[in-house]
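Heads up, the next two complexes both have chain A, just with different partners, chain B and then chain C.
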Partner chain A sequence: MSTYTKKQVKDLVDGDLDWDTLHKMLSMPKDIERYSNYVSVLQDQVSWDDKIIIPVGPHLYIVETVKDKELVTKCRCGHGFGDYTLNWKLNALVYIRDSEEKMNQVYPKLMAPDTDWQVYREYYCPTCGTMHDVEVPTPWYPVMHDFEPDIKTFFDWVGLPAPVNA
Partner chain B sequence: MEQLDNPVEVMGIDAGGTMTDTFFVRADGEFVVGKAQSDVDESKAVLESSVDALTHWGRKVDDVFPEMVTCVFSGTAMLNRVVGRKGLRTGLIVSKGFEDFHRMGRALQSYLGYAFEDRIHLNTHRYDEPLVSIKDTRGVTERIDSKGNIVIPVRLHEAKIAARELIEQGCKAIVISFLSSYLDGRHERAVRDVCLEVIKEMGADIPVFASVDYYPVRKESHRTNTTILEAYAAEPSRAILSALSSKMGDHGGTFDLRVMASHGGTIGWKAKELARTLVSGPIGGVIGAKYLGEQLGYENIACSDIGGTSFDMALITKNNFAMHQDGDVARLVLSLPLVSMDTIGAGAGSFVRIDPHSNSIKLGPDSAGYKVGTCWPEGGLTTVSVTDCHILLGYLNPDNFLGGVLKLDVDVAREAVKTQIADPLGLSVEDAAAGVIELLDLSLRQHLRAMITGKGYSPRDFVCFSYGGAGPVHAYGYTKGLGFKETIVPAWAAGFSAFGCATANFEYRYDKSVDIGITKDSSKDDIEKSVKSLQVAWDELKEKVLEEFRINGFKDEDVTLIPGYRMQYLGQLNDLEIDSPLTSLSGADDWDALVQAFDDTYARVYASAARSPELGFGITGAILSGSVETKKPKIPYEPIVGPNPPKEACLGTRPFYYDKKWVDADIYQMEALQPGNKIMGPAIIESDATTFVVPPTFKTFLDEHRLFHLIEC
Partner chain C sequence: MTIQENIVKAGAAPGSLLKNGLTLNDNRNRILKKTTDSGYYGGLTELKFKESDPIGFERIFSKLRAGLVNSREVAKKIAASPIVEQEGELCFTLYNVAGDCICTSTGIIIHVGTMGAAIKYMIQNNWEDNPGISPGDMFTNNDCQIGNVHPCDIMTIVPIFHDGNLIGWVGGVTHVIDVGAVGPGSMSNGQIQRFGDGIQITCRKTGINDTPMRDWLHESQRNVRTPKYWILDEKTRIAGCHMIRDIVEETVVEEGIEAYETFAMEVIEDGRRGLISRIKAMTIPGKYNTVAFVDVPYTHEDVHVPSPFAKVDTIMHAPCTITIKSNATWRLDFEGCSRWGWHTYNANPVAFTSGIWVMMTQTLVPTERINDGARYATEFRMPKGTWTNPDDRRTAHSDAWHFLVSSWSSLWRALSRSYFGRGYLEEVNAGNSNPCNWLQGGGINQEEEIHAVNSFETAACGTGACAVKDGLNHAAAIWNPEGDMGDIEIWELAEPLLYMGRKIKTNTGGYGKYRGGLGFETLRMVWGSADWTMFFMGNGYMNSDWGLMGGYPSATGYRFEAHKTGLLDRIKEGQSLPLGEDRDPDNPDYENHLGPDAIVKRDKQCITTEAIYENGDLYLNYLRGGPGFGDPLDRKIEEVREDLNENFVLPEYAVKVYGVVISQDSEGDWTVDEAKTIARRMAIRKERIARAVPTRKWMEEERGRIMDKKASVQVQQMFASSFFLSEDFLGKFKSFWDLPDDWELKEESLGIPMFGAKHHMDLSELPDVHPVVFCEE
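Presenting the complex of A and B:
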């Protein structure tokens, strides 16, 4: 079985890994330590102490709070979006591109969808302004709840003790 | 003087990435192998390696080179240049509007060369850097349609600007490849001439390659890639080979330096189409097996070459090997005819790991390479390789690996196998290591069987040749139970590829696409026209082949020309390459002979029952090969002495683990064995470059050509 150093996993996260190692990592069965290494690399990137449980976006995590072991969704900057079972988007700032003018800011003229049948909804962190997600639905569609992880089962798969409130 | 009675006649060079091997053959068939570290200056490495080889005979380069009549080079420098994207900066001129097709590449190129698991694993797919950057690509307005009609005449003033810009930017070569140019080459040739004019005006000295002059075949990406390689990769090699040739001249050599090419022949280093020499290593073995088969009367041969990283297989049926029309090399689709081979990425040096999910042994796909395994601590490896298993089970001699150059540590290997393989599986170290070897042998055996039965043959009709550095170690394992007529291990297995290169013909081959389709409703006129168009293609190719030989100083009348064609049943996707039964075609009456030759070949390659002539026949390509006589190495011959090995060949015994128990294997020195000697397993026959394993229930004898015959009792 292959094993990788934390440095290699950090390079993987940063996108700095050489192709040969990356290819090997993609092709080979995952090493047992991979997930804990991965999460610990992410933990090193943030300034707060709550424990990262699962990343749900490049800058968004489900974390276990130090204070009362609650599971909440949290931005890299530290902004909290509330309980992880609720849709974090409901607590985010939203910008909706629903006119040709707004579409022309991101796509050349005539190369964006007709906003009568498709709009872009961009979700931002209210504290740091990081864009966490973009939805591309029909205008009348409700806010999408991307997914709600089964944390207990997942931790069972990766062979780690699950958070107490999972 | 002994030298003059027995001159050194043939030299083979295998210039690899780390080592440069040379192979010298004397008139009596005796040979020596030399090794030297490869160098940026290839001629230096070749000379050092030659000195090393000739020391065995106590002779000097300056005495031997003048005696030699032929020298064949094969090397990896050109391939490495492509893989490392370190070629000549090349400018590309294409049909306007198609500037991006080269960098987009064919989707296939994103997973070429991958193991099956990775082919279906999209995340691993990846496009390599294009050979020519988009900044060095220009479009010229022109169009020839798929029927060969000129739809838009070429705008030559655009070509002029394009050429000037490319040269000013610093391109060192220009390649021209237009859509459908294989049907009408006038546009490409006109642009080529414009480029040459511009180069002259600017006082530059750079070569121009029009695809129609080199590879006038269908499939844009293949043709363009191949023509680019001619500039990008082959042009720098020309300089290296020129230097090597003149260096050999300085030492008295008067022979022609030839290079092994993918079509199975050798070509002169001055050849126009040098990109054909991109791959040559594994092909040498197939050529050598064919030659040996012809000399000794084996017409059906399964060739198997196992080295440290891969297992290469090829079939020779009725003294012929199959050709693959669009070979791919270095993850590029190419228009190069290639000796058809199957390769799997499992070799004697493959890494061994435990799959944590299925808790089973997994081999490769990567391998230890020159670092051998954990048994060579200086190599710095920590992952177990197949070699580690061989060492600890007594298959290989830890004190005589590569002639004792590397000292291997059995205890380190034992500990690594114990912690990484045996303990996790709950097995003893011996059983775990034996399991690894069994798994590798099983996998090789399955591939070998699949290759033979997949073509409708039975192993019973074949003799299996086993060579490559590790061939003799594994021969028993991957042939066991398959039912080959015989398994043959040449005593010079490690140098067999170099030997094969030296047996190859001096042969040029040119290809051209043609479009011929004849159904049962076709008129005599149609057939007449088709036959004529094939003859026109042959005439065009013949001129090219003769031109190549003229460059090397041969007269037209010395060249034997063999026309060929690729034919298929209409409605089928695959065609077959056929040597034409007629040397020239005069009219419709010749058609039936072409069809008959195809029908016969089809029945030989597949089966008579699979023939399907109902929809008619198509010819997709014209081929012309030309060859001249060359000196070839003689196959060694020594008279039979007797069944008992001489005393000096016996080196004692060594514990050897086989079939779940330790036995004492007799150890022999390979070079000291005499023709006729019979040896019962368990025995291990050692030489510097290879080890031949004869386990219990097997026996072997050495024949008068220094070929070991391995027999299952």
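Presenting the complex of A and C:
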């Protein structure tokens, strides 16, 4: 079992980890304490005190609020998307690329989907404008609820006390 | 998995093959029942051999595994086909008497269980009685309705005996260059049914006394276009199987038969536990919902099919719910998939239950100990009637990968959410490209021989971005972890096609904080052929990958072909030639180097059927890039500068998507103004907020379009076919969009042919056929 320092995990998060260590992380059995180090690094990078429980994007987290221990989805900027069991995208802003002109802002004409077949849905944070996700479905497709974590079992797996409202 | 207890004539020769006196089928049923009852493979609640003699256990494993890998490396040198020799499209797998995989070689690991499916079919359909199973026999299979992924993967299966008892099986598979389908090439289209999908061999006994039978050799070789390659491929498979059989026999002598047979059971339970252990170490339990699509654009004039009912545009729909359970097993449920179709992209359950491990060994279980144990720790659900599990025996499967790689792209995203949540960022992969185009065709080649080609350059597409680094450029394909585009010189020997250029394809990697790996393109000029056709096979109107956590999908494909190019004259006259500098299809360049009479097809129709190519005609083989990860505005400025100077991104899109403010010096080098870029990126974030709407508001508008049935026919057909097959999917759809109870969408209302939707006949309806069922249906 390999172990890594918090500094190495921070470098990993920042994309600055040296290749030898990164390769070791890839090829050796996983370090169970990675999760603790990881959320600790991320916690240092945000300006609020709610506790990060599960990161779900580079700027998006399931957190436990300090005030009432609720589990909510939250942007790094502090914007809240509501209860973690709900699909955060429903409380985001969305921009639909559903025409050739809109697609051409992203890809050359022949290298983007034909919008009769498929569209891009870009989900933004209403406060900071971070693009948290791009869906690429057909028209009419329901908004995907990507991930419904079983937080209680997860904390059991990593040997940590689960949030009280998990 | 089915327990087939009542087979007519079963046990005609009970005890003749197995030491325990059971028929092969009864023996397999006993293993299945013990597995079902106990939750452990074969009822092995303890791994007594492994725990009491771990060194002995590992010694057997190492010997067998090394033997499989070594036999593969040696045997592939026999093959002449670049698909096998250059790309490594072969695999050898060792099975126990029940047809469950013990271990497999490197290579196309999709076959960890496909040949096992064929063995199980022989067991369940009483091959023991007729045609009989004896030492020195060889069986050949490529039947997709038994378990093969597509017909070009030809399997040779050899039983292994000790002291007159069957102790296991070894199988070898090679991807042959042609199977005599309607369309030339190994993964062709044009045919729409099994009856045009090439030679079909159903676990046929093709050899006795270690010698192929003459009737088999004569019949098979004349049923394909490329007998030279076919013959050497078969020798490759036979040689490999016999080398591995020798190693097993040696192992039995050295370790004892009891140890070997115990090992052959325990190692599968060990594999089952290995997957569980890895799931617990790597993932977050819960439910992951994901989906993928790919286009089947068949109404276009360049798609010629034999039957009018196949001339419809359709979309492959592949929703998947992955449930990672608290006991660290998992379930992959493909409820809601669209119907199988009149094309060659249908799959079958074994393509998942076996094939999916070629992907998982690149992520979740990167271990040499991959065997059927992983399948026993996995619940698969492929609803009958969908493209994952056709309910009609006419289906064609030649390019099942068109759908498989597209659907599996979404599984990367689901798993990556787990890895990302736990901090294993190094394992995150935004997805796989749809590794295509498949350059295929045939006719009379430069050697004046009947020939067919399938360029495997596509084994080196761009990979998905990671959460800590960009995807790899022109590096790999999900179905072939070895990833090799092959040598130009070898392809020019195998194909009457000269390389005019081979270049990284600009702008093909999906944008993101970390971008997807770029694909590449090769421009080929037909040269030295007599009568020659080619066609395209890939995605064009749609993406199958999505990008992850703010990253964009990779670029879609497009087609470029040119006829009456005047190139042969231009070469003689020393005029300019198209040499692979065509980075921006909005400003095409190849056309500037063609004669005045050139007929150019540059469009999104990336699936075509055979078209005539004369010497001097051009064909662009565009291999796709991978999807991106994270918001592109987070990409480091220095990395965008490198992208520009390496021609990885077009300046126009660096500005629009990455928000960089750039300038170019007199040497042509790009620089990025950091301060202005930071300001521009802030402005773009505000522009996003200004142009977007709250999701729930947009949903009201989209709901109106659904109520008004405003969508293309192909989109409506996709939904209608899924609704018909899945009340669950229909119910969730109506619930999400808050549609009235009486809202419905029927395929009948679309005015397109729907052959096979309601009238079909399954393989199981044939007399004396007992299909093996590998999943919930």
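Keep this in mind: the second predicted complex is superposed on the first by the 166 of 166 C-alpha atoms of A that agree within 3 Å, B and C clash if a C-alpha of one lies under 4 Å from a C-alpha of the other, contacts with A are read in each partner's own complex, and residues count from 1 in each chain.
By definition in this document, a contact is a pair of C-beta atoms (placed from the backbone, for glycine too) under 8 Å apart; a residue touches a chain by one contact, two chains touch by 3 or more.
In this text the structure is predicted, and so the values were computed from the model without any measurement.
K.L.:
Following superposition onto chain A, is the placement of chain B relative to chain C best described as a clash or a fit?
P.N.:
clash
K.L.:
Return the chain, chain B or chain C, that is in touch with more residues of chain A.
P.N.:
The partner with more contacted residues on chain A is C.
K.L.:
Regarding the shared-chain residue A:L26, is it in contact with chain B (first), chain C (second), both, or neither?
P.N.:
In the superposition, A:L26 touches chain B and chain C alike.
K.L.:
Please work out whether A:Y38 is in contact with chain B alone, chain C alone, both, or neither, and reply first, second, both or neither.
P.N.:
second
K.L.:
A:P126 in the overlay: touching chain B, chain C, both, or neither? Say first, second, both or neither.
P.N.:
second
K.L.:
Where does A:Q105 make contact in the superposed view: on chain B (first), on chain C (second), on both, or on neither?
P.N.:
The second partner, chain C, only.
K.L.:
Name the residues of chain A shared by its contacts with chain B and its contacts with chain C.
P.N.:
The answer is residues 26, 29-30, 32 of chain A.
K.L.:
In their shared complex, at which residues does chain A touch chain C?
P.N.:
Listed in rising order, the residues are 9, 12-13, 15, 17, 22, 25-26, 29-30, 32, 34-35, 37-39, 54-60, 89-96, 104-114, 116-118, 120, 122-124, 126, 128-151, 153-154, 156-158.
K.L.:
Residue numbers of chain C touching chain A in their complex, please.
P.N.:
Against chain A, chain C makes touches at 280-282, 284-291, 293, 295, 315, 317, 324, 326, 328, 413-414, 417, 420-427, 467-469, 507-508, 511, 513-514, 540-543, 545-547, 549-553, 555-556, 558, 584-586, 602-604, 630-634, 636, 650, 653, 656-657, 684-689, 691-696, 698-699, 702, 705-706, 711-712, 714-715, 718-719, 732-733, 736-737.
K.L.:
Going by the contact rule set out above, which residues of chain B touch chain A in the complex?
P.N.:
Contacts found on chain B: 115, 117-118, 121, 123-124, 126, 353-357, 362, 365-366.
K.L.:
Across the complex, what residues on chain A touch chain B?
P.N.:
1-2, 19, 23-24, 26-32
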